[in-house]
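Here it is, the structure in full.
Order as written gives the chain letters A, B, C and D; numbering starts at 1 within each chain.
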Amino acid sequence: MGNNYGTLFKISTFGESHGPAIGVIIDGCPAGLTIDEAFIQSELDRRKPGQSKITTQRKEDDSFKILSGVFEGQSTGTPIAIVIENQDQRSKDYSHIENTFRPSHADFTYQEKYGIRDHRGGGRSSARETAARVAAGAIAKLLLRKHGVEINAYVSQVGTLKAPGYTQLDLRKTEDNIVRCPDPATAEKMIALIDQVRLDRDTIGGVVSCVIKNTPVGLGEPVFDKLHAELGKAILSINAVKGFEYGSGFAGVELRGSQHNDEFVNEGGKIRTKTNHSGGVQGGISNGEDIYFNVAFKPVATIMQDQATVDKEGNEAVVSGKGRHDPCVVPRAVPIVEAMAALVLADFLLRNKASKV
Amino acid sequence: MGNNYGTLFKISTFGESHGPAIGVIIDGCPAGLTIDEAFIQSELDRRKPGQSKITTQRKEDDSFKILSGVFEGQSTGTPIAIVIENQDQRSKDYSHIENTFRPSHADFTYQEKYGIRDHRGGGRSSARETAARVAAGAIAKLLLRKHGVEINAYVSQVGTLKAPGYTQLDLRKTEDNIVRCPDPATAEKMIALIDQVRLDRDTIGGVVSCVIKNTPVGLGEPVFDKLHAELGKAILSINAVKGFEYGSGFAGVELRGSQHNDEFVNEGGKIRTKTNHSGGVQGGISNGEDIYFNVAFKPVATIMQDQATVDKEGNEAVVSGKGRHDPCVVPRAVPIVEAMAALVLADFLLRNKASKV
Amino acid sequence: MGNNYGTLFKISTFGESHGPAIGVIIDGCPAGLTIDEAFIQSELDRRKPGQSKITTQRKEDDSFKILSGVFEGQSTGTPIAIVIENQDQRSKDYSHIENTFRPSHADFTYQEKYGIRDHRGGGRSSARETAARVAAGAIAKLLLRKHGVEINAYVSQVGTLKAPGYTQLDLRKTEDNIVRCPDPATAEKMIALIDQVRLDRDTIGGVVSCVIKNTPVGLGEPVFDKLHAELGKAILSINAVKGFEYGSGFAGVELRGSQHNDEFVNEGGKIRTKTNHSGGVQGGISNGEDIYFNVAFKPVATIMQDQATVDKEGNEAVVSGKGRHDPCVVPRAVPIVEAMAALVLADFLLRNKASKV
Amino acid sequence: MGNNYGTLFKISTFGESHGPAIGVIIDGCPAGLTIDEAFIQSELDRRKPGQSKITTQRKEDDSFKILSGVFEGQSTGTPIAIVIENQDQRSKDYSHIENTFRPSHADFTYQEKYGIRDHRGGGRSSARETAARVAAGAIAKLLLRKHGVEINAYVSQVGTLKAPGYTQLDLRKTEDNIVRCPDPATAEKMIALIDQVRLDRDTIGGVVSCVIKNTPVGLGEPVFDKLHAELGKAILSINAVKGFEYGSGFAGVELRGSQHNDEFVNEGGKIRTKTNHSGGVQGGISNGEDIYFNVAFKPVATIMQDQATVDKEGNEAVVSGKGRHDPCVVPRAVPIVEAMAALVLADFLLRNKASKV
């Protein structure tokens, strides 16, 4: 259990890093949606390994196959199953960790919880699993587009290098560089930093920010399934995420109410807020303003250096990364964050249909 | 919908701020648990209004009544229903907002989502709802205690005033002062600051930190229901929360993998980690180390000052707080954070029973 | 767990036969529904004990109190909590079964499953629990009425006495007699039979039939949540039910396809079926024709006669009914069957809103 | 939605009759279970088409592939994905129903609900979908076997031909003949009848009965998720099912309580019941006695005869079966009934682990 997400737009994912395939079933996609396969592939391409010099060199096409739920290019209301085959597994790269726990990986906890684990490439705990999220998220995006919703994530921080706030950025530039930071000057520095970290056989953390525009008013279900609470869960479930804040976030705690409150104004007949410390969500429900949030990613746990650890029996051991790994996860995390946000919003869009008689 | 939480230890809450009562049904509490009613009341007392000069002066005993599920002092495995009557409603304090939207409250979004709202005291969006969570959380704590789990939250920041890290604090001192900061010197300053803010007819934000000790290894369900992801959702669903980070959190993004990784060591036959940047969770599963996290609370939206806004028809209007409100929410949020953490852990404790054949 | 029902129109019930109260939270009732309290009471009155000479003589007003979710007579989209106090408990009538298992009751299974049980009046396993279902079902009916859906159950069999098929009955006559059989001649015989059974200090079984008219086409979610499968579950969860069949049911197995198939016809521009062996459901989805089904109720387990049994320790024992009990459950089961059917349809009505883009 | 089943042992299925593949994800299978692939295949073989002269002649090997969740022959606690490719689609056999509604099929309701349908072979509404259930059910059976539970279904009725009650049968003989009736004499007559029906270009209904032995005491979750209620739902969700009864069933309504009640006896230290009208379930919880139930299947809707109907536009039309179809569904339904029963019990087995502290 735990491999399902969503109430009405519901996904179930499966697959290990070095098994035959990974994939997802989407149950609850409304009928009549045009399924643009080229778009799904383009989203997978944004996440796939080997896309640039600052990502892992594992080669996976991440080409997918739809097994059901689409007829003559349209969703039919039945489950959409998507399968992505694994191609470039090098399982022998992992034989050294069959009995040894890599620091800050899930090897120890899976072993303890299940009494057995597929150690090859981290098995189910590998971030390879997120490809299934991106495929499902692409379909959620297609649904959201029909309602005008736009989701744009980007890299806002690598190590201590930070981009300006999103209102000062042109988010159309995110894909212009390999680090996916829409501020060209900062992007250049980030790339250089990641490259240096890679040469140091080390890794580094970063922040992905996300902005959602044109969300209809009314999405989110109080009191436990608040819009930002579900976003938080969905985002925190992505590998390596350590924190989530939306709107004013942690910085907001230093403000006074008189500074923080968003006054309402009538803007040409539409009720808007003058400021947006609320981050587009009030009382757990979207208010139509931009939803924006930040996501903290820790440095990747696999480093190309010797580290002390123990094996299953508790004997001291040394491990060093041997597979192909990302020196910094955030460039490839951008489409994953967008995908999870899309899944949350698509689900709330459907749930909200039942809010009034 | 949205008023349920949990998979096996499942709660459903109800109630508005100015209705006759609020309450909760707990479905899935295992049979045979001794239900310590005095303990439940003591938890409710930590949250209740009017407890000190730095909280709202609304007077509610928050005395509760168990209607089912307990027989001769023990849980029977059937739903435990708890009801808390509202006593000190002053609904007329709210007649001015019947048609006007308070800035940064949920008035506008509820109105738009549902087309109708109980405006009195914020109705369902009031933090009064959290009393039901605290009552349920108390029972979750009783269950967790049998497994040795201890949950301790405290105020770590008010405005810009910060307490030292938790490893430098004696968490048994949290209840020694009215702001619930276990560092006496910082507590004193925090109290003075909140008092000043109150006199300024304003409000201020803060941070609650939480430390969970003795969690069994293996709690949490990958990949979507990771332990920290569910904690995040549960915590973010509390009123006024803007951010959640665990372990190294947002600060961790600046570190390198070689600094951040937690090496495993054999400590007298038990596998432990030398450091704990992971915050007690690896791959979404508890590893037995301390779980710790920070929660950002925005300044309370109700301020005793005039603010510009609009009414339902979009006409310009002015509102000012008239009810009785907290100048800073964090002292009373401490037991709420603990309660939500307890509900998450109790649920995972039960779910984990099915992890192996 | 197990005390919740529904996906979007979701209920959680609580309460024991001899505890202070029973009740229900309805989460997911759309906002803007007029809550007709007199109607809810009238539904509860149809189920309440002591209503006629052929029912138990326990006296319960079953008057209810709405604690939340309704504002100025309308649902607000927040949880509707309803509480019904228990009044006429005579718990001492049950002291003889504290340690003894009544035949064909749930005493033994509860004891084994939970290790503890509230023996008074059967505790949670008592049919008193169904009052909460009827209250919630009344609200579901109010929602369904807005869509024209009508649900009519009636007693079609007691012992071997059977009423004619529903198409030969005037269902408006169901409430004209105390056994709730719309065929006056059969009703009279049924009443006489139940009265005789009562004098014999025995009980007898029966069948409740239910007809649902004007269901919109398209309700039901293949493949597991087929309309008739959810109806089956909901109905089978009622105390004492042993069987469920819809449409042609068990009799249909003897037919050939050429006899059983329902041909489609165009009836004034509307696609209808000529016959209705399908019972209004095809492929798990309503087709707009009458939905009809039969429900088998076993004879009530409590009889006023000595029966051999064992106690907790396995010693031989004798028990005899001492409380006040129904000689035949079906007259009071009629509103319960309707309530469960209403809960199923209300839920599917909301779920169906998300079937198309 | 609607394509998931289970709370802890949870399955999600996908696939259309004439798409590339069908399949299932099992989420929640405990780790450490030996996955016997030969057994899974043998179960699929019992369901597969073309297995005898009295079934459809469509040829499908129904060979399956496990894509995840199994490592070195054992379940790992992660999702088990199983895919079965479709091989012998003859979609052109179905072009005549692209715009025409077959009587008593789901063509009309799918078209109305979704506004689009994959008409080839009935698409998602085809019983081909049940192969995924059988594959998942085989794994549930492997789990149940570890607890001694045995599930045996068989054909007890075809048309008006009935086998004796199960206590008079040797259930090990079920697989000895192609109709799967363990009474050889009745089996022979059933086969002759089905053969005649086939020659008549018609179809006929039947009953599958199921007996579950050695169920642990305590499975089932009152009050809505009663063991028999979940069994009912799971079974009713199988294509062509019209009724479900357990224990005394519909026949029990004619009995008196004094006849129907199952007295408890101490059988060598174990508490048993003398009779078993309860069908192994009391108050929704298993009591350790045999669970037994009957399932009514209607005659297959596809007949090789002309039938009047209408097309999408409501014009009169005539359809006749052209594909390859079963004259009677019950022989192949036997493993499906067992699979669904196994899924229900496996889920309750896991849920019951949380019943006591």
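Here is the rule we use: a contact is a pair of C-beta atoms (placed from the backbone, for glycine too) under 8 Å apart; a residue touches a chain by one contact, two chains touch by 3 or more.
Given the structure is predicted, the values throughout are model-derived calculations rather than measurements.
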{"item": "A-D or A-C, whichever has more C-beta pairs in contact", "value": "A-D"}
{"item": "Per Cα centroids, the chain farthest from subunit A", "value": "C"}
{"item": "Separation of mean Cα positions, subunit C and subunit A [Å, integer]", "value": "46"}
{"item": "Length of the line joining the C-alpha centres of subunit A and subunit B, rounded to whole Å", "value": "26"}
{"item": "Centre-of-Cα separation between subunit D and subunit A, whole angstrom", "value": "39"}
{"item": "Multi-partner residues of subunit D (each touching 2 or more other chains)", "value": "1-4, 7-8, 13, 28, 31-32, 77-78, 110, 113-115, 124, 222, 351, 354-356"}
{"item": "Arrangement of touching chains [line / ring / star / complete / other]", "value": "complete"}
{"item": "Of all residues in subunit C, those that touch subunit D in their complex", "value": "1-5, 7, 13, 101, 103-106, 108-110, 112-115, 124-125, 129, 157, 159-160, 197, 200, 202-207, 217-218, 220-226, 228-230, 232-234, 236-237, 242-250, 252-266, 269, 271, 273, 277-279, 282-287, 294, 296-303, 305, 307-310, 314-316, 351-352, 354-356"}
{"item": "Subunit A residues touching subunit C - in the complex, by the definition given at the top", "value": "7-8, 28, 30-33, 75, 77-78, 143, 146, 222, 350-351, 353-357"}
{"item": "Footprint of subunit D on subunit A - complex, ascending", "value": "1-4, 8, 10, 12-16, 19-23, 25, 27-28, 31-32, 65, 67-69, 71, 74, 76-81, 83, 110, 113-118, 123-124"}
